[in-house]
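We just call them A, B, C, D and E in the order they show up, numbering each chain from 1.
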Amino acid sequence: MADDIILEARGLSKEFKGFIAVKEVNLQVRRGTIHALIGPNGAGKSTVFNLLTKFLTPTRGQILYKGRDITAMKPADVALLGMVRSFQISAVFPHLSVLENVRVALQRPRGTSFHFWKPEASLYDLHARAEELIEAVNLTPWAGHTAAELPYGRKRALEIATTLALDPEVMLLDEPLAGMGHEDIEGTAALIKRVSADRTILMVEHNLSVVAHLSDTITVLRRGEILAEGAYDVVSRNPQVMEAYMGTGEVGHA
Amino acid sequence: QVSNNVIKIGVMNDRSGIYADLAGEGSAIAARLAAEEFGGKIAGAPIEIVVADHQNKADIAANTAREWIDAGNVDVIADVPNSAAALAVQGITKDKKRIFLMSGPGSTDLSGKSCSPYGFQWTYDNYAMAAGTARALVEQGKKNWFFITADYAFGHSLEDETTKMVKQLDGKVAGNVRHPLGTADFSSYLLQAQASKADVIGLANAGGDATNAVKQASEFGITQSGQSLAGLLLFISDVNALGLQAAQGLLLTTGFYWDTDDQTREWTKKFEAKAGRKPTMVQAGVYSAVRHYLKAVEAVGSDDPDKVAAKMRETTVEDMFTKNGKIAANGRMFHDMYLAQVKTPAESKGPWDYYKIVKTIPAEQAFLDPAKSGCSLVK
Amino acid sequence: MPDGATVKTAMLEIRDLQAFYGESHVLHGVNIDVRQGEVVTLLGRNGAGKTTTMRSIMGIVGKRNGSIRFQGKELIGMAQHKIPRLGIGYVPEERGIFSSLSVDENLMLPPVVKSGGMTVPQIYELFPNLQGRGTTQGTRLSGGEQQMLAIARILRTGADLILLDEPTEGLAPVIIEQIGVAVRKLKQRGFTIVLVEQNFRFAATIADRHYVMEEGHVVDMIPNDQLAQNMDKLHTYLGV
Amino acid sequence: MFDLLGVPPQVLFGQLLLGLINGSFYALLSLGLAVIFGMLNVINFAHGALYMIGAFVAWLLLTKLGLGYWWALGLSPLIVGLLGVVLEKTMLSRLYKLDHLYGLLLTFGLALIMEGAFRHFYGVSGQPYPIPDALKGGQNLGFMFLPNYRGWVVVASLIVCFGTWFAIERTRLGAYLRAATENPVLVQAFGINVPVMITATYGFGVALAGLAGVLAAPIYQVSPLMGTNLIIVVFAVVVIGGMGSILGAIVTGLGLGLLEGLTKVFYPEASNIVVFVVMAIVLLIKPAGLFGRER
Amino acid sequence: MAAQIKTTDTQTTTIALRRPGQDSTRNAIILGIGLLIALAAPYVLYPVFVMKVLCFALFACAFNLLIGFAGLLSFGHAAFFGGAAYITAHSAKVWGLGPEVSILLGMGFSALLGLAFGALAIRRQGIYFAMITLALSQMVFFMALQLKFTGGEDGIQAVPRGHLFGVIDLNNSLSMYYFVLAVFLVGFAVVWRAVHSPFGQVLKAIRENEPRAVSLGYRTERYKLLAFVLSASLAGLAGGTKALVFQLASLTDVTWQMSGEVVLMTLLGGMGTLLGPVVGAAIVVTLESYLAATSMPVPVVIGAIFVVCVLVFRRGIVGELQARFGRR
């Protein structure tokens, strides 16, 4: 069982000048699952993300990735270990083309990224793989455009493609569907499902129908603490969760 | 025989930077005045004057000098304040065998280890400025010195020369303090100088550093409290900029003062008509040097640099700038210098009436013995 | 259009509004009426021009033509900073919380333009999350908290027309409910609200009428009580 | 009597006092820079040139119109401020939408023009400007002779510095300004006339430089180059204090003045470098500067 | 959403990026013409002048590598340029080393200096970065002024050009010229290659969105630092070469005005374009030598060009031409 745990937080806490944003969080993410992190605004979801990916340093606690303590690592090194994140607000390289966006991620594992004496053509063999990824997120018609030209929803898709390019074992997605139109949501949700096949996904999302549909395990955070954990059916019937997060359910996302 | 049938004089100096006031366009005017005395022509060849701004950059100076000589038929280069620029030009004129008349630069290297058979250092040098003032003051009994020195080669050499002279005359140095180039505030250094109880505070710096130091010395009441202030390299343009209120009482050495005799006054009138102000010693020196050069050309009937240089060395310099000036083997023009004291506002009768000539320093005392200059031309 | 704009005073009248971002023509003749005390939503897909409509009202798009009258005053041609002073408050889509300002400073930033705005205690009551966070740097708040702050600071100003651009984006359902409650309360107090929403289930709980936009045009107007009949149409518009 | 590393205490007191005086100059200049940087995100490279112009305006008022120091103290900052307003309206305001570096480059060009023009017309050796009669003379403090004028400079600059600090940090104005730097469009949409506010800010920041210029005129030579050397040190002060931090600018200005004063006594060779050394150390420990916020 | 996609547009990924064939022929033509001009130049123009242009062009290219492709504005590049000049001059004059070794020493010095500056400055961005580099370079200026070996305001004069590899006499101005041209071409090629390399790609990505690059596993500071060191070394190469051309190293080259000048050259020619800095350097150097003989105040003219460039001409000459003739 323990081997199954790919990512684990033990007693994770984060304080900002006296304000406790995350408090004694123990989180276990099992290999090969989609794990959702939900909770009211300000519950500390993004902060947990930032802690896990080392964009923030925890005040207390320990982070284990594949059994290895990564608490003291730099963010870039965490990514090198195969745990890659997306951002709550879309993060692309605006003046690179869609293809180049993906290629930048693809070129990283090659170890030639410091090679300032090699021609760009040494990267052209990555194009086939990049085009595959772009195809997978339905961006093929946009491949030659610069990322800045894409509509918001497409940028999110591009971000996912870029993240996938690293073929991460663990993907952390912070509100991947936020700001997408209805027409994109379904497609992206399906995409997430598809790519989860051979990897682990930890995501923050407010769109409950998607969360319900996708996730194997749900952890509910409230005021920095874990309120409940389990499958959607269990969690969503928890009265505390209903009070703190779901409300009466009548205005939820379409 | 005149090359290209024109005698072309290149006046190169700083036309917009820190030396623009003491050299600048005024030096060009001075050169033109010299040319006019020959009717603008020698042996049928017209005298032409070109100017360039070296912007105090040695590379621009070098480049301009090279281009002037290679492509512009310039026969002689004059002025070039800023020692770095002058050293660069000296190197080129030496290589290319062209005469170089230095009025602006003060580095003794120019007639020392970097001397050239074609280079003539005319008006002053740092040794003369420093040693002249030091000797005069020590002889007045002001034996205890304190230096406020600009912390780079120029300041160090000015301080060294003065110290040597002071010690040689049984004076002593109470202390010194070094300030960076471009210091605005001297109060801290002045306070240290005051605390040293020295008789004389020697300012081994130049330009804005020197004027700021003088101005603040007066603010802190240095001279009133009995210490003397000696500017080791100050020009009349600096005194003019300071105003007599701040500069009064200051001692300095100069190679020329416009109000010395009728001849200088007469020439100054001509200069002032064109320049709108009185000449500095550098500008007057350009006149004297160019005139001496032209005289030599006239005498030899050719602008061949070797012949002209030889002729220049043979003849003594006689003009409103100096009487009986002699050019030594190292290219140093030996002439009398003056020790001047800045008048008080009450003593001054009007603008530019700034100096009391306290003493004439004979040429042999004013300048370094060529034998000790380190110049390889001196046997 | 089947509304009786003359029954109540029209507070905001938009006629044939054209708007441009540089070369690109984004709005092609938008007509909208909002009456005093109403809650009106603008629905439409991404890029339909909803935000641009709001920005046109505030005078912060590149170029606009047509007519926008607020309480009888023409806004087109008016100096930008005078428009809010007439009593219009704007909560932008991207929230616009200032990172160089603390939460308190963010809250107190917009000048009060009319009396009758909410007091700070009332605001804390509405958005308890904001309480006690006064000295935190504005952008250190979580996404949802920032949204609350953005709404809260406009409520303080006493503006009687409030433009809310996607106020529920990124908010937890329970907070969305709270905001719904808040909007209804504001309506009771006599505020007029124009709201851009993607979440039309939410919109349906609070709005009087819905304008549907597509590619820079208003293509339909559905009163809330006829929503049920028009559900199919709406689904095609929004591509749900 | 005890000596401190060979320096008698009297001398040390004197040096500390002088450091404070210099520091107040730094503070005044870096304050203007900080105000402009904080609000416009522009590093005003022309600050030194405008400081110089402030001094020159005082000199011109005196020589051309016969208006003395006290007139200049009021008029000169006003004139420099107006010049700033014109520069902002005609040039700087076109650059806000672009990378902030363009503001730096523009003001760099402007500085060259202004200094070059003054050099061209007034030469470089500078012009004398007398100490006003009311402030002539000095006090013998026992450990040093303090010219009255220097005392006045400290008092005047400290008052201006803390007045400005108060106006910006302790009133609503400051919040408007900071918000407008970040998102002018939105602040405008709250009903605030941002362009006017920004113009006024630049004018004010520049007027501070002009004021420093007038204060400096009787101490230093009024020369076209007077700003050039100073400005880089002032930049370093602002970096150490934390760019855009008003309080940082003031405190660091004073502090570095003192530190520099001490260096001039103990190790004068390093007195120009000390500021940069401090800067390097501060940046290693606190990259945003002593009082700066990480953005 | 639909409004944005022009469905008539039949873009496919194959034509998505640059079209290598067409682009490289055009590049080859431009470079070929440039090379011909450069080879012929010393017979038409004054060689020392052209050498100066080349040195500054290389300096500007080095600077451009940083601003144009990594988005970092260094306002202290004079420290590398001038610093290397001193080291090269000292090696050649005092230690009597050959020109190639002297230049390499100068360059090595700049690289180390760049490493030190970079380590301090890289932590900040934008204006902060500019200010820090400026202040650090001022430190170098004061050291150059005060240290013994630099000769203070006189600089190091009469630096021997020596014999290249002990054989070719560089005192011959044509040999010197072709040596400088070769140095320039090597430097230029390094910049060109670096920009179009895997490294260049990462650099661009970092400039665009640093946190994202970090999240992809790039240790961005190291990339920026490498770019900085590269740029500093090339600036040093230019400075060292210039010291041999003029046979002198002086304070001028370490002043902050020099740092400003290289910014001007790059801005005028076109930031982020490969040829821009070369064009900009040629214009500024020509202008300066032309102005030297007129009575126009040089700083005013230079300042005015700066202002005009920033206000109306931000793409610079080459950038403007490229925009006009539709090249990316």
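Please note the rule applied: contacts are C-beta pairs under 8 Å (C-beta built on N, C-alpha and C of every residue); 3 or more make two chains touch, one makes a residue touch a chain.
Keep in mind it's a predicted model, so treat the numbers as computed, not measured.
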item	value
Graph separation of chain A and chain D (steps between touching chains)	2
Most remote chain, CA-based centroid, reference being chain E	C
Distance between the centres, which are taken as Cα means, of chain E and chain A, whole angstrom	41
Inter-chain centre distance, chain A versus chain B - centres from mean C-alpha coordinates, in Å	75
Rounded Å distance, chain A centre to chain C centre (Cα mean)	31
Touching two or more other chains - residues of chain A	151, 153, 181, 183
Sequence positions of chain D contacting 2 or more other chains	116, 119-120, 269, 272-273
Per-residue overlap in chain C, given as positions that touch at least 2 other chains	45-47
Interfacial residue positions of chain A with respect to chain C in the complex	16, 19, 38-46, 88, 151-153, 175, 178-184, 206, 208, 243-254
Residue ranges of chain E in contact with chain A within the complex	1, 4-5, 11-13, 15-17, 20, 190, 193-194, 196-202, 204-205, 208-209, 211-220, 222-223, 226, 230
Residue numbers on chain B that touch chain D, as the complex places them	16-22, 151, 177-180, 182-185, 187-189, 191-192, 194-195, 207-208, 211-212, 215-216, 219-221, 237-238, 240-243, 245-246
Residues of chain D touching chain C in the complex	172, 175-176, 178-179, 181-183, 185-194, 293, 295
Complex interface listing, chain C residues touching chain D	58-60, 79-85, 90, 92, 96, 98-101, 105-106, 108-111, 113, 137, 157
